[in-house]
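This structure is in structure tokens; I'll ask about it shortly.
Read from first to last, the chains carry the letters A, B and C; within each, the first residue is number 1.
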Amino acid sequence: MTGASFDRVEELFADLFPLTRSLTGNGVRQTLDRLSDVTPLNVRTVPSGTPVYDWEVPPEWNIRDAYVTDSSGKRVVDFADSNLHVVNYSVPVDVELSFDELSEHLHTLPGMPDAIPYRTTYYERDWGFCIRHDTLEAMDEDETYEVYIDSDLDPEGELTYADAKIEGESEREYIISTYCCHPSLANDNLSGLILATLLFELLRQGSTHHSYRLIVVPETIGAISYLHEHENAMKTVDGGYVVTTVAGRGTFDYKESFEGDHPVDMAARWALAGDEYDEHEFAPTGSDERQYGTPGFRIPTGTIAKDKYYEYDAYHTSKDDLSFVSSEALLKTFDRYARAINLLETDRVYERVDPHCEFKLDRHDLHPTTGGQKKQPGHLKGEDHESFEYRLDDGEAASGDVFDAINWLMFGCDGETTLFQLANRSGMNPRTLHRAACELVDAGLLEESA
Amino acid sequence: MTGASFDRVEELFADLFPLTRSLTGNGVRQTLDRLSDVTPLNVRTVPSGTPVYDWEVPPEWNIRDAYVTDSSGKRVVDFADSNLHVVNYSVPVDVELSFDELSEHLHTLPGMPDAIPYRTTYYERDWGFCIRHDTLEAMDEDETYEVYIDSDLDPEGELTYADAKIEGESEREYIISTYCCHPSLANDNLSGLILATLLFELLRQGSTHHSYRLIVVPETIGAISYLHEHENAMKTVDGGYVVTTVAGRGTFDYKESFEGDHPVDMAARWALAGDEYDEHEFAPTGSDERQYGTPGFRIPTGTIAKDKYYEYDAYHTSKDDLSFVSSEALLKTFDRYARAINLLETDRVYERVDPHCEFKLDRHDLHPTTGGQKKQPGHLKGEDHESFEYRLDDGEAASGDVFDAINWLMFGCDGETTLFQLANRSGMNPRTLHRAACELVDAGLLEESA
Amino acid sequence: MTGASFDRVEELFADLFPLTRSLTGNGVRQTLDRLSDVTPLNVRTVPSGTPVYDWEVPPEWNIRDAYVTDSSGKRVVDFADSNLHVVNYSVPVDVELSFDELSEHLHTLPGMPDAIPYRTTYYERDWGFCIRHDTLEAMDEDETYEVYIDSDLDPEGELTYADAKIEGESEREYIISTYCCHPSLANDNLSGLILATLLFELLRQGSTHHSYRLIVVPETIGAISYLHEHENAMKTVDGGYVVTTVAGRGTFDYKESFEGDHPVDMAARWALAGDEYDEHEFAPTGSDERQYGTPGFRIPTGTIAKDKYYEYDAYHTSKDDLSFVSSEALLKTFDRYARAINLLETDRVYERVDPHCEFKLDRHDLHPTTGGQKKQPGHLKGEDHESFEYRLDDGEAASGDVFDAINWLMFGCDGETTLFQLANRSGMNPRTLHRAACELVDAGLLEESA
């Protein structure tokens, strides 16, 4: 199977959902391995204990089993039922405790009593269980409980991540970043892993104008480690997207970059132009844009989401499961990301070979010849074999617009104005302008500026 | 007769309307000759076949007669009735045709059946007749027609245009451009020819601060030829107006320049401040701003119109005749252009001789001497003998504003801020600011910056 | 007594109201002497006749007595009743006049018949009396009046003013300017004299980050003289406030600086954020911003007022007396100025010591350690012993905001962005950002940029 099909998304959801992901450990390795089936990934490691800026790569955590049994031997809580039951990064435990002692290590959601919360203790040596509030209420306060967590924190371990690169012809590079540290949570962020990988597969099907880098890392510490390990390369990145929570059944969202009006923002907004969506101003909370955007890197990254993190009740609970997400929804968001990337591909600068006066369009077979009546557009023939083109036959570059596009290009192509600027000025879609520009390049009238 | 009077406009309309103008030929020559009576013009030529950028100057077209007769000898269509009847630049024809054969060469307006459309075939060797749709419907489909066009296309001919220049003392130059290629069409653009020529006559009555260039050319190819023949001079032009469709009985229009907020735009908006008018964003369609604005020249040109081209039903039909326009309307638009030019004249930069603190205005006889009460403005004495001043006695520079103007000038005249910028900041009319500035110059307190 | 207390303001109003202030003379000296009790002032002089830019320091004016008596010896007008009765800077007079002759020297307010107007004749040798219109109406037109003014205009005299300076550690200097030339008028501008002096006393109680200069001068000629005498020093001043009309019982006002969005404007608006107030665009009328803002100095100065000059009926009349103002109102405006100065103190530029990625806040004891749940702010410990801090315990830097502030600082502290810019971007109060910045500086994560 190749391509972003419904069946393939379903299969990836099914295969990947059960894995116990964390910042480190086997769940991450298995996940990256399965994603490598979709598109080849470079799987890389950073040793535990490595200093990365203000942080340190934590010990590698693996967990095999965990439960709480009452005195009758009945498992009150069992890791085998849900990997959310154990606080992520819990130290190993094998102890008998009273209810009161145990309850200090129990996390519940009183307001959502049938949901298991998702909790972590990455940087504080601790342990705990996350359980339904209903379960807590049913527990016997006079019982003694056996508590068992079969985990280990290996200071000689490693943090595992993956990346991939497509080399384009321009000087620009964009990142597509997503995070792989959340265990069995479907929208946040298994959906992002699937979408980002499929998107990269699509980009690899032809040549691209810009360069692209796929980054699959555990959130925060993984992004920090990535930036640390690839500091020089990352300092020249032009922008990108942090792909997260993309398969909800609700509304589209767009969280803008720190810049707010960067080409990545404009491309996302054009890609979403036909949708209702919630626009979120930049805030220094969220996902790995918090690392990419810091002053040392200043990589503008936006996020197109569908049921964005923070915005849905099931967020960071066991309710964010396979029934919460929809493969159809994921494919819709995939479409918007593909359009956004296609738009970034078209953000070129062109210069007229001779900048004086209008072209005589009929001479170049671009214009009808009888004057005095309303102009009819020529047939659009321009193609660009050196850039990614995503579903351009969908009416965006309707022939009715092409004559307008050529007129704007005759005015705007001064070797400085970008097609995005010209699109903002003219109200035209940059893909239409780009198609017309290709036609004028073919006619020898425009050149792409370096 | 001199000056922009009702009678003079009427006479010019009457004399010029019947002439068969085109891109080239005797109609253009006769038109430029008659306009030279209003104000002296340099009539110049470019030989047919001259390459001008992406274009080539076409053969010279002249037409003497044309008609279609039916088998009874009755003239169904006759050029003598209207020069719109023949597609402009039609090749000579002398042939008998069936109705079906002929009908491929007939142009009508089914939605306006009693109007003759205006059509051209400048760059495709073809011929045709433009007729009322009513006429077409009355024609006998079984008839055989004699078709006769007595025209010629002379490859040894020439394109005729005219210009004129007023040298001012500043470094700025503005163009007033209009087009002379439309045959018997009154608003588009005989009205523009009359207004532009009268305006230049007015500017020549005294000295001007800036330089001005009148350009009278056939549309598109004429502007392109002009830019080609005067390339270096035109590259330093600061802005201007394309004068077209200025005598309708409807609303004023303003089409902004490519820049949109250039001094030519600001001046036009101030000139129209007391009027209701439709503001049109720049679009790369329209008239010769399409040539002036291209990257090689980037001359910002706006258009003040009254019943703007594209916006009225009679556009490019025989309905755009002398009954459509009004000489009173033309004189109103003339007034707005004259104000706009006067405003451009006042867009100076001044610098205080000593930039520290307020002036002691009473010492310079600019201020009453009893303090503590509301300030009364001094009498306005400032005059500027080196600039064009148009009807300044109309209340714009009311004495009540002059004290305010002096206060703003004391603050703003820093050798960098233009009077237009200060006008935008203060909400005052630049003509008032300029009058007050002249007074302060007379008092030795301000100097005009180079 | 020290500090801005109700009793102290009452006492200052009572002591200073009766003094006969003018551009020059003993009333000014007595006023500056009494204000020196509040905070030490450098009292300085400029000799009469000194040329100061376009102006000249006037002769020193002093007045001892003045009256108009009728033939029965009854004093119709008596300077002893109100120092507003004599036109300020009246020459000495001792003459008998008919009513008609006298009436040319009488000023009244027909629309406010029981109020004495305030008038001056600083630069025209003249004399006059300001009287209630009721008084004028009661005068006998057939009477002969004895007119007596015991004043003198000493060309060997001097103009007296005062200043004071606080040296801060930054390169920025702000002025607090007020004027001392109005006689017995309470809001305009005895209130400003009291507020400005108390504010400077407050600033002197600790160290400040920026430098501050208090300027107490007669309006216009005093500010001009000050700028002339301290030209070089004043050319490097960064901004400030002109303190006037600050004790009315009505609404707050803010008149913006010439720049309009300068830090002094932003600070004033944040200081008034909790109040209803009238915003006044800059206009080149008003008080000494008319001198400070001229091109030679361009010192942006705003004015926070309470019942701003021009805006209340009692302005420049005897109705602007101690019953018009309120010491409580003055203390409210004092509070807003103190906040504004405190805000200016926080307008720093910080740079991250290492600009890459987020800080690990828990490692610096700035963050809780259990992940996955909503972040709780740390306790705010940051203090800045090198800047003026005014009432920071009032909830502005609520602990709930501090985590947000730290997040924004991690993003924004790039060595170029000011805290004011970051405040505008984030919607946070600069004082909260500054407190959080101090905490990050204490943790060794931020440095203040030079």
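Note that in this section a residue touches a chain if its C-beta (ideal position, glycine included) is under 8 Å from a C-beta of that chain, and two chains touch if they have at least 3 such contacts.
What you see is a predicted model, and the numbers here were worked out from it, not measured in a lab.
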item	value
Homomeric contact chain A-chain C: same or different residue positions, threshold half	different
Turning angle required so that chain B lies on chain C, C-alpha fit (0 to 180°, nearest 5)	120
Cα-centroid distance, chain A relative to chain C, in whole angstrom	55
Residues within chain C bordering two or more other chains	none
Residue ranges of chain C in contact with chain B within the complex	52-55, 88, 117-124, 126, 220, 223-224, 227-228, 231, 258, 283-285, 290-291, 293-298, 316
Touch list for chain A against partner chain B, complex	351-352, 354-360, 362-363, 369-373, 404, 407-408, 410-415, 445
